[in-house]
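Alright, structures below, take your time with them.
Consider the two complexes below, in which chain A is the common component and chain B and chain C are the respective partners.
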Partner chain A sequence: MTRALLVYALTLLALLLTAWLSLLAFSQHPLMLSGLWQGDDMSALIVRDVRLPRMLVCALVGVGLGMAGGLLQAVTRNALASPHVLGINQGAGLFVALSLGVLQRWQLPTLAMACAGAALSGALVMLLSGLHRGRASGVRLVLSGVALSSLLAAMTDGAVMLNDELGVSIVAFMAGSVDGMTWQQVAGLWPWVLGATLGALLLAHPLNLLQLGDEAAHSLGLKTRTVSVLCALLVVVVAGAVVTYVGAIAFVCLIVPHTARALLGRQDYRLVLPLAGLLGGALMLLSDALSRLVSYPFESPVGIVTALIGAPFFLYLTWKQRR
Partner chain B sequence: MNARCARILLPLTLASAWLAPVRAELRIRHAQGELVLPQPPKRVVALEFSFVDALVAVGMAPIGIADDRQPERIIGPLRDAVKGYASVGSRYQPSLEAIAALKPDLIIADQRLHQAVYSELQAIAPTLIVDVRSSTYQEDLETLQVVARALGKEEQMRQRLRRHAEVMDKYARAIENDQQLTAVFGVSSDKGSWLHTEATYAAGVLKRLGFDTPLKRGRNRMWSVPYVKTGLEQLLATNPDILLLGRYSQPAQIDSWAKSPLWRGLKAVQNKRVYWVDGNVWARSRGLISAELMTAQLHGLLRQ
Partner chain C sequence: MRGTSTHAPLLLAAALPGALLLTLLSLAVGAVPLTLQDTWHAVWSDSSPYSHLVLQLRLPRTLLAWPVGAALAVSGALVQGVTRNPLAAPDVIGVTSGAGLAAAFVVLVLGDMPLWTLPLSAFVGGLAAALLVYRLAWRGGVSPMHLVLVGVAVTQLFAAGIDYLASAQADRVALAVIWLRGSLWGRNWEHLMLALPLLPLLPAALLLAQRLNLLALGDAAAQALGVSVNNTRRQALLLAVLLASGAVAVAGTVAFIGLLAPHLARLLVGADHRRLLPLSALLGGLLLLLADTLGRGLLSPLEVPAGIMTALLGAPYFLYLLSRHRGGMI
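Presenting the complex of A and B:
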């Protein structure tokens, strides 16, 4: 327990530090923390009106993605599962691209389209891998996920080719960007993340039981199918909401739950899921600060930074699993 | 005597017969070495909008254009001149079949976009490759002369360039930017906003009219790239006197910035010098006629 306490304390510290970086670091303006509560000069207004909503969006996205990754890995019992690997992000991305492009004249709500795309690709990958029968091998799940995500990404590229005007938009969007976030996005995002967080906390114990295997969980009175469906719903909602507001952020979902498990040294999802949320937040905030550094003083998509941190980690993970 | 005459005259006649086609032959140095055209081309396919501008500027019209299958992308002043052209598809991936079907005697292509299909294009017709997509206003003026050489219209282009210089001088005087105001052009969609740095065509036109840009090459390594992604924070640091914006979506990201109290921190906002311009003209078009159109639009806006 002392280890868990220490890990949580350090993670909170990291969260504060990265939040401070995201709020104030790398600007051409002299930004000060005091700008949050006083001053009407430009620097204070930038802290309050540009940086604060941006920081909150990053934190919300990170928390949501960290939790979603944890949930997905728990329910599939697969360490390589994440909305990006399983094509859920790409499904949401394709549907958003379609709603911005070909289907533009119907003015479909982007959030609903993103969730529909996420749900559809999620359902497809589960069917392909046989997860609905509760017996998916890890390799099959990841393989069908990778195949599906390439297919969906190719279709999105096709949509971009058909309309190059939109191209820049969709490319920026698929990379994931948080510049230009306003209170509007904060307001749109927090209910979903809060809802998913509460849901994840409620599901933590059933997920622990699920790790014992379907039969054992069944004999303990767990409705395994209900738990799986609820988890899938939460993941789809978070992925859909995040893709709608900031685009497809890669790798946060994948690396954060692993880090959480490794730090805690155990699988207890009641501890892993909240920690994954906090770590996800810290990673997004750090990536946000670094994304301003990449092409300082201008912006680069934050998704590039998370991918730069995430991809080597993913390789390390596969390498370690082989041994 | 007759025999001697014949001995002198015959080679001369032969030589002149041999020389005649040589005089019509065009040799042009371009990105792919030397292009040789047996005679001035009549059936030209243009794979970028700026080549359409160049052709019209010397009184010609392309028979085929890579217009992205969106004819409205051809700017107003060119549209009448190119009536009846055939679309050969997207600029990014022109249809080789459509080009071949037109039986062109010259294809004008862009180095960045079409380098990869150069040999295929060359198999259809002699292909001139020049760099226009990434060229500035000054560089484009030189490119135009290369294109004119390939068309056998060097003299016409020289005259047109002289007239262009007069037009631009006239506008520069009319705009009278003696306070050395800075101006920046940018585009905004719902997913992001980008500013055009000194390395872009639009910035070159603004410079020709006497406007300085805060996004200078050399001051920062980033500003030697043509387009930079910007947030409101960076826009406030750039803070040009005149802000020209192209809209790529409705609403665009800039619309939400305009609601922020920070928006009023921009000099261009305080002086009411934020103008929405046609992104199709300002971001996509290059050439003499395009530059004159941009300039006329800007002059009209500034007089308001």
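Presenting the complex of A and C:
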């Protein structure tokens, strides 16, 4: 237990540090926290209206994605599963692109469309990999997911090109960008992330049982199907909300649960899921700060930074999978 | 082989007029649609008002589709033959994206470099990617699914790099799309010259055909029949990387042709590489030309990059192959 306490304390510290970085670091106008109460109006304005909502969106997205990744890995019992690798993000992205583009005249609610897309691609990848017929092999699940995502991404590109005035904004959107976030996005995002967090905490114990295998869990009185469906629902809602507000953020949901498990040294999801959320927040905040640094003075979409961090990690995981 | 040899001349006889017709069609389709008659006229006489459009803008693209598609397809056939893996292809095992990242670096970051540096850097990138994937997937042998899995991960890594380079060049989105998706957009006679060295490499693949046939019997059997297994494998992979990176250098990271074309060819003429390789080349060129023509024609005057069209065709086929693949080691 002391180890868990230590890990949580350090993670909170990391969260604060990265939040400070995300709030103040790498700005074209030098920002000083002291400037806020010494009457530096420019600093105060930038921090309050630009940086603070942006930081909060990053933290919320990170928490949501960390939880979602943990849930998905627990329920598929697959170390390589993540909404991005399995094409769930890309499905949501396609439906958002469609609702902003071709289907614009029907004024469909973007969030609902994103969730529908996420659910549809999740169901497809399950069918294709044979996950519904029992435990699919990890490799088959991942390869199906990757092929499905490349199909969905190609369709999204096609949909974007159908009305090219959207073009550039959607390019940044597909990579995931927190540029221009306002309090409106914070207000839109937090209920979903809070809901998903509560749901994940409630599901943590059943997920622990699920790790024993379907039959053992069943004999312990667990409704395995219900747990799986609820988990899938939470993942879909988080992925849909994140894609709607900031776009398809790659790999945060893959890295973070692994790190949480490794730090804690055990599989107990009651500890792993909250830690994954906090670590996800810290990773997103760090990526946000880095996204302003990597091609300073220009900004890169934050999703590209997470992809640059996450892809080597994904490679490492596949390398570890060899038998 | 099962008696399919009789099909080959028939197939060629049917394919040639089809290819010619498609070539003519690809010259006619685009933001300014022409009738076939106008197109024909523009090709043969200088007096036609469309001759600049057809000869300078569309003809190099149309011609370029052949060497690029053929190179990708033959590269795919070689990789599939060497690894005895139906899921393998230069784009699946990371070669295309490695070549794409290196070429994108030259174009987007270094800027005004002489054109010949493109294929060179693409080859270096492609070779590095192939070596990396093989090294990481190796454990006293390479299981087909694992090779593909590592290839996919390496592809994600390089794709993130290309994304980063492209995002820093937001003002040149059209150029970035070439490296992200693959497209023949804006390719001209100069690019066609760049693709010409691919042509002698295509028949070179045929020199390996007989040994690849023997390799299909298994390493031990091939060795017993006097094939130097490791040498053959090395030569074939090197050739595959050369072909794929040459194609990427001029048309970007076009996906799935290297997977699709050899499979189609195998369905038509069987597994004998002496027939499989030439037919793959033909089908690869045809597929890319078709993808480019459709991409220009479907939503004209907008243009969908050829790479998107090939992904729309190829990704479902890859999923189908995956669902059928029941090999061990997974």
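Going forward, the second predicted complex is superposed on the first by the 315 of 323 C-alpha atoms of A that agree within 3 Å, B and C clash if a C-alpha of one lies under 4 Å from a C-alpha of the other, contacts with A are read in each partner's own complex, and residues count from 1 in each chain.
In this section, contacts are C-beta pairs under 8 Å (C-beta built on N, C-alpha and C of every residue); 3 or more make two chains touch, one makes a residue touch a chain.
Model, not experiment: these values are computed from the prediction.
Asks: Should the superposition on chain A be reported as showing a clash between chain B and chain C, or a fit?
Replies: clash
Asks: Is A:L45 in contact with chain B, with chain C, with both, or with neither (first, second, both, neither)?
Replies: first
Asks: Return first, second, both or neither, reflecting whether A:L128 touches chain B, chain C, both chains, or no partner chain.
Replies: In the superposed model, A:L128 contacts chain C only, not chain B.
Asks: With both complexes overlaid on chain A, does A:Q184 touch chain B (first), chain C (second), both or neither?
Replies: first
Asks: Is A:H29 touching the first partner chain B, the second partner chain C, both, or neither of them?
Replies: first
Asks: Applying the document's definition of touch, where does A:S300 land relative to chain B and chain C: first, second, both, or neither?
Replies: both
Asks: Go through the superposed model and pick first if A:W319 touches only chain B, second if only chain C, both, or neither.
Replies: The second partner, chain C, only.
Asks: Applying the document's definition of touching, compare chain B and chain C: which contacts more of chain A?
Replies: Of the two chains, more chain A residues are contacted by C.
Asks: Using the touch definition from the top, say if A:W192 reaches chain B (first), chain C (second), both or neither.
Replies: neither
Asks: Running through the overlay: 20-28, 92-100 or 146-154 are the candidate stretches of chain B; which one clashes with chain C?
Replies: Only one listed stretch clashes with chain C, namely 92-100.
Asks: Would you mind listing the overlap between the chain B footprint and the chain C footprint on chain A?
Replies: 161, 164, 168, 172, 295, 298, 300-301
Asks: Which stretch or stretches of chain C touch chain A in the complex?
Replies: 87, 136-137, 139, 143, 145-146, 148-150, 152-154, 156-157, 159-161, 163-164, 167-168, 170, 173, 176, 181, 255, 299, 302-305, 307-308, 311-312, 315-316, 318-319, 322-323, 329-330
Asks: Where on chain A is chain C touching in the complex?
Replies: So the residues of chain A touching chain C come out as 128, 130, 137, 139-140, 142-144, 146-148, 150-151, 153-155, 157-158, 161-162, 164, 167-168, 171-172, 175, 250, 294-295, 298, 300-301, 304, 307-308, 310-312, 314-315, 317-319, 321-323.
Asks: Under the touch definition given earlier, write down the residues of chain B that touch chain A in their complex.
Replies: My answer: residues 68, 90, 92-93, 189-195, 220, 222, 228-234, 236-237, 248-249, 253, 256-257, 260-262, 265.
Asks: Where on chain A is chain B touching in the complex?
Replies: Touch list, chain A to chain B: 27-29, 42, 45-46, 49-51, 100, 161, 164-166, 168-170, 172-173, 177, 179-180, 182, 184, 247, 295-301.
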